[in-house]
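What follows is a pair of complexes built around subunit A, which joins subunit B in one and subunit C in the other.
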Partner chain A sequence: MGAAAVFVVAILAVASPAAAAAGAERGGLVTIPPGLYTPFQRVKAANSGETEAQAPEAIAAFAMDRAPVTNAEYLGFVTAHPEWRKSWTKTLFADGRYLGRWPADLDFGHAEAGDRPVTDVSWFAARAYCKTRGLDLPTTAQWEYALADAGRDEARVRARSLEWFSRPNGAGPGAIGGPVNGYGVGNLIGLVWEWTEDFNAYAITAESRDPNGNDSAAVCGGAAAGIADASDYPAFMRASMRASLKANYTADMLGFRCAGGAP
Partner chain B sequence: MRPGSFGSGVAVVAMLAAGAALGASREANRADPIVGEETAVLTDAPNVPPPIHRNHATRVVVHLEVKEVEGQLADGVRYVFWTFGGRVPGKFIRIREGDEVEFHLDNHPDNKNPHNIDLHAVNGPGGGAAASLTAPGHSSVFSFKALNPGLFVYHCATAPVAMHVGNGMYGMILVEPKEGLSKVDHEYYLMQSDFYTQGKNGEKGLQPFSMEKVIDEKPEYIVFNGAVGSTTGDKALTAKVGDTVRLFVGDGGPNVVSSFHAIGQIFDTVYPEGAMSAPTHNVQTTTVPAGGAAIAEFRMSVPGTFILVDHSLERAFNRGALAQLKVTGPEDKLVYSGKQFDLVYQPEGAGARAATGERQVVLAPAARSKEERIKLGAEVFANNCQACHQQDGQGVPDAFPPLAGSDYLNGDKIRAIKTVTGGLEQPLTVNGKGFNGVMPAWTLSDEDIANVLTFVYSKWDNSGQEVTPQEVKLHRVTAGAKETKE
Partner chain C sequence: MTRSRALKVMQAFAAVAALALGAAAAGPGGWPGSSLYNLESRWTDQDGGSVALDAFAGAPVVVAMGYTTCRDICPAIVADMMWVERHLPPGATSRVRFAFFSFDSEADTPERLKLYAESHGLDPRRWTLLRADDSAARELAAALDVPWRPNDRNGFDHAAVLTLLDGKGEIAFQQRGTQASSDELLGRLKGLIAKGE
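What follows is the complex of A and B.
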C-alpha cells in the first residue's frame, strides 16, 4: 500500500512537467468562428421519400483543442481520477483493450509517447476527461466543420486522408504538432480517428448502399443518389468508422480532443 | 485441389457432359435439420477446401479475419491491400446447402478501418453487411442458413464500397449442392479484379489508391489472384494429360467484367454465373460479372502451357490478367499435331506494323552503367516481355520463342533491335524450332529498349553484350514515325 503511494507520487513528479510541456506546446484551445455546415449525409424527405441534402446547420462559435489529447495529458487525468486507470475501469465503460499500449496503470511506456495522441480510450473515458476540464467532446458537426475549414485546401485534405487510411497502423500514431489549418486547428487527420459527442447519431444502420431505405440515408455507400458529394470518400470513411463504434469500444488508432463554448 | 481418380477419359467426358440441374429447393434447405458442428477449412487461392462428403446439414463455424497488409501488386510495385484472411482474394469458404453458418468477422486490432461483409450466398439485408460492421479490434457474429446452392462472391460493403473492394476485399463461398459436385482431379480458385494506383501501370514503389481512377473506372492493373504473375511460372496451376480440372472463377471487380478464356482449351462444362441449375457445354469464353462467378470444368487432352486470360486482351497482355495452367504428359498428335508445315505467306502490303497507341511520354531514368542498364532492363522485361517470353526466358513451345540461348537473338544485335522496335510477324527459326506468331512493335523509348536488350543479353547464358540508346536510335525500325509524335 505504502509502496504504491510512493510510486504514484514519483510518477506525478515526473509526469506533471511533461504534461505541462505538451500542453504548452499544443497551445490548448482554439476559437472557431460561427458559420454554416451542411452534413454530407442526405436525409429522406418526409413526403416524397426522395433523399435530399440536409439543410445547412448553423454552428455557433466554439472552442476546440488544437490537437488530440496526448498520453502525457491523459496520465495526469488518470492520476487524479483513479476510477479511469486501466485496471480499475469496468468493461461496461471501456472494453478489454482500454489503454492497450500502456504497460501499467500510470505508465504510458516510452517517453516519446508523451506527446502522441492517447488511443484505446472509450467514449465514456474521453468524455469524462473533457468534463474535468469543463469541456465536452465536439459534436460531429463541430468536428466536421473544423475539418472543412471553410473550404480551404479541400483537395489536399482529402488526398492526405486517403493516404492515411491506406497506411497500416504499425507502431501507432506519431506526435502531435505540425501545420494547423485556417482556423488554427491541427492534426484532425493523419494521426488518429477521433470520438465525437454524438458519434452514433447518424449511424442508425451499418448497411451502406441503400439510398432509400428507411434509416440508411446516413451512410449510403455505393448509391451516389444518396450523397451530397459521392466522391468525398474520406467523409464516408469517417462516417463508417463512427457507425462501427459503441460507447465502450476502444481502438488502437482512436483518440479524441475536447471542445466547448466560445470563451 | 485434390486428387481423385476416374476410370477412363471417355467416362469423364460422359459424366461432365451429363451435368444436370443440381440442388434442392429453398424450402427443403430451410427445413433441413442441423446435425453436429464443424469449423470451416479455409484456403488461400489457388487452393480450394476439400469436397464435402456429409449427407446431412450441419452447423459450420467460420472465422474470417480482416487484415490490412502491404504486399506486392506487380514486380517492384507495392500496395496496401485490405484482405479477408491476409491475402487477395480472400479465403475460399466451402459449405453444403442446408448448412447453418455461424459467421465471425474478426477485424484485427492493427487495422485502421472498420469493415463488414456481404456474402452473396445470404438471403437477408445487405447479405450480412447490416449485421457485421466491425470496428478495428472487434468481432461481429451472425448466422445464416444456406438456402441456394452455387458459387458466390463475398465482399466488404463498408462505405465507400469501391475503396474497400478496390483495395482487395472479396473472396468466394461455394455452397455445394446436396448431390455434391462430380469428382475431378484438380480444383482451383482463380479470382479476377481491378486495381487503381496513383502511379501508372509499372511505376515502382508503394502505390497509393487513386480515388479519381476508381470513380472514372480506369484501372491500372487487372489481375488474377491479387497480383501480376500470381499464377505464372513456378506458381502456375498444374495438371497431367487425362486429368479433369475444375476452376472456380470469380470476379471481385470493383468495376471490370471478365471475358474468361483458356487459350487452347475448350471448357467441357460451364456453370454460368456459378448457378447449379443450368450447366452448358463446349464453351470457349464465359462472362464473369463483377461480383459474380462461374465454374468451368474440362479434361486435358494434350500437354502444354495453357494461358488463362481475360479475353478483353489488352487486360491480359498489358494489365496483368493472365494465369497459366501447365500440363505434362504424352502428346496426342491426333488431337493436336504441332506445326506440320512452315510456309511463307505474303499477302500484298503485309509487313511489320507498329502497334498503334500512345507513345510513352514518361521518360525512364537514364542508366549510367551496364549494371544499371541490366537492373532497369529487368523491370522493362517484367512489365512488357515476360508475359510471352516467360520469366525464365524459355518462351512457350509453339507460341512464343525462347530468348534464353536464342541463336536468333545472340547472332545479330542490330537485328534484335529491329525485331523489338519493328515487331515481327514472319516465320522464323529459333534454335532449330519454327515459330510463326506475331510480336507487336514496341513503342518503348531508346533507353528502355537498350536496357531490356542488355538485360536479356546478360541472362540465361546469352552473349552478354551491351546495347546502348544510341544504337537503338540508329537502328530502330519505326524511328521516323515516332520522333515526330511529340
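What follows is the complex of A and C.
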C-alpha cells in the first residue's frame, strides 16, 4: 500500500467520528499536531563537558498508529513476506526468540492473541513491517511527544505507568483498545514497551562513561545522571530500557507501532 | 510499586535480551545468518561507485562509522584504524581492507569523502569511504551496535566502535572506545589471517 493510501486512512480516521470509533477497534493511523518536545536526557555541553538540559525540539505534524501492531496484523505481514517468518529469519535481523509465542511460522496460537500486540519482534522486523505500509517506526521524540499529550493528564499517565511496571507480566499483553489520549492515541503504556527508530540514540552517554565496563551498570548509571526531570521515573525507565536494546533483540514485553510524515 | 520492583522488571528484561545468541545458519544469500553481508543497502564510495556491503567479502575488513566534518571522536577512530594498518603483518597488507561509513548523508558527498581520504593519506588500495541515505546508515549502525544521534551542532554524537569482520561478514571482534593501541583487534585480525581469511 502506498503512502498516499495510508494517509487517506489517517484523514478519514481523524475527520469522521464514525471512522475514529471504528479505528479504536482496528488500530489505524491518527494525526498528531505539531509542537515542541524537550528530550528527557541531559547531554554534555559542547565545551565544558557539564551536562545541560536539551533545548526543546520542534516536532512536525505526523501520523501514528492508534494502537500497537497486533499478532493478526503481523501474521498478514509474514504471510506476504516469507523472509520474516520465524523459521526463515536470520540472526542478524532477529535473535532466536523471535516470535517466541507463535507455535509456527503462520500461527500466532490462540485466537484471542489476534487482538493483542505482537511481541518478540526485533527492530529490524518492526521496521520492515512499517516500511511495507510506507511508514517508519516513530522516533523516540515522536513517541514521547505522543505520550506527553500536550501535558494533558500527566500525573495520571505517570501513575498508570508505575502501576503497570509493578504488575507481573507472565501472561503476556492484553488486547488493544480502551481509552485514547487527547491526540486519539491509545495503549502507549500498559500493554507493551515499544521500539523506536532511534532507540539507541542515548546509549552513547553510557558508553562514553564506561566504554569497557559492565553494560547494565553503565546504562543505568548513565541514564540516571542524565535525566532532565528526576521525578519522571517512568520516563527514566523507558529511556533505560531503550538504551539496553540491540537491534536484533526480541522480548516478550516489547512490541511496536508505526508512524509516518504528516498527511 | 517500588523503585526496586521496577528495576527488577528492567533486569528481567535485560536478562531476556541477553539471550540473543541464536546460532548462525546460512541463509538463501549464502551468508551466515549473523553476517553483516545480509544487509541489502547500497552505498556510494569515494569514487562515486555503487557498493553493496558484500563487496568486502572474502577477506577481513576493519569497519567504523563516523562523518568527515567530525572534530571530536572520528579523527581518533580513523587514527586507530591507521594504527592497525601500520601494524599489519607482512603479506597481509594487500588483503585487509578498511571501510569508513558515514552517518552524514547530506554533507558527505563522494567528493568530500575522497578529499578526506587524500588529506589523511588513506591508501585507496586498502581504504574505502562510503555514504548512503539516512535509512541505510541507521540500519548499518543498528547492525553494528553503534549508538548515534544528530546533535545541535550540525553533526552527530556517536560511539567510537571499530568492528573487525571476517571474510564472511561476521563480527570477529569489536573495540568500543578509541585506544592508544588497538592490540586486541590487531591480534584477532592476525588470527583471521593465519586461518587463511
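Points worth noting:
The rule is simple: the second predicted complex is superposed on the first by the 216 of 263 C-alpha atoms of A that agree within 3 Å, B and C clash if a C-alpha of one lies under 4 Å from a C-alpha of the other, contacts with A are read in each partner's own complex, and residues count from 1 in each chain.
The rule we apply is simple: contacts are C-beta pairs under 8 Å (C-beta built on N, C-alpha and C of every residue); 3 or more make two chains touch, one makes a residue touch a chain.
Fair warning: this is a prediction, and the values are worked out from it, not measured in the lab.
Touch criterion met: A:E163 reaches subunit B and subunit C at once. By the touch criterion defined above, A:A55 lies against subunit C but remains apart from subunit B after alignment on the C-alpha atoms of chain A. In the superposition on chain A, A:S231 makes contact with subunit B only, while subunit C stays out of contact range. Which of subunit B and subunit C touches more residues of subunit A: that partner is C.
Looking at the shared chain after the overlay, A:T38 reaches neither subunit B nor subunit C.
In the overlay built on the shared chain, the residue A:D252 is in contact with subunit B and with subunit C. In the superposed model, A:L92 makes contact with subunit C only, not with subunit B. Contact with both subunit B and subunit C is seen for A:M241 once the two complexes are overlaid on the shared chain. Of the two partner chains placed by the overlay, only subunit C lies in contact with A:A201; subunit B stays clear of it. Shared interface residues of subunit A (contacting subunit B in one complex, subunit C in the other): 97, 162-163, 165-166, 169, 207-208, 220, 233, 237, 240-241, 243-246, 249-254.
Residue ranges of subunit A in contact with subunit B, taken from their complex: 97, 100, 158, 162-170, 205-209, 219-222, 231, 233, 236-237, 239-241, 243-246, 249-254. Within the complex formed with subunit C, the residues of subunit A that make contact are 43, 46, 54-55, 88, 90-97, 123-124, 127, 162-163, 165-166, 169, 193, 197-198, 200-204, 207-208, 211-212, 216, 220, 233, 237, 240-241, 243-254.
Across the interface of their complex, subunit A is touched by residues 1-3, 5-7, 9-11, 13-14, 16-17, 19-25, 27, 33-36, 38-39, 138-139, 141-143, 145, 147-149, 151-153, 157-160, 176-177 of subunit C.
Every residue of subunit B that touches subunit A in the complex is listed here, in rising order: 68-70, 80, 109-114, 116, 125-126, 129-138, 157-163, 167, 208-209, 211, 215.
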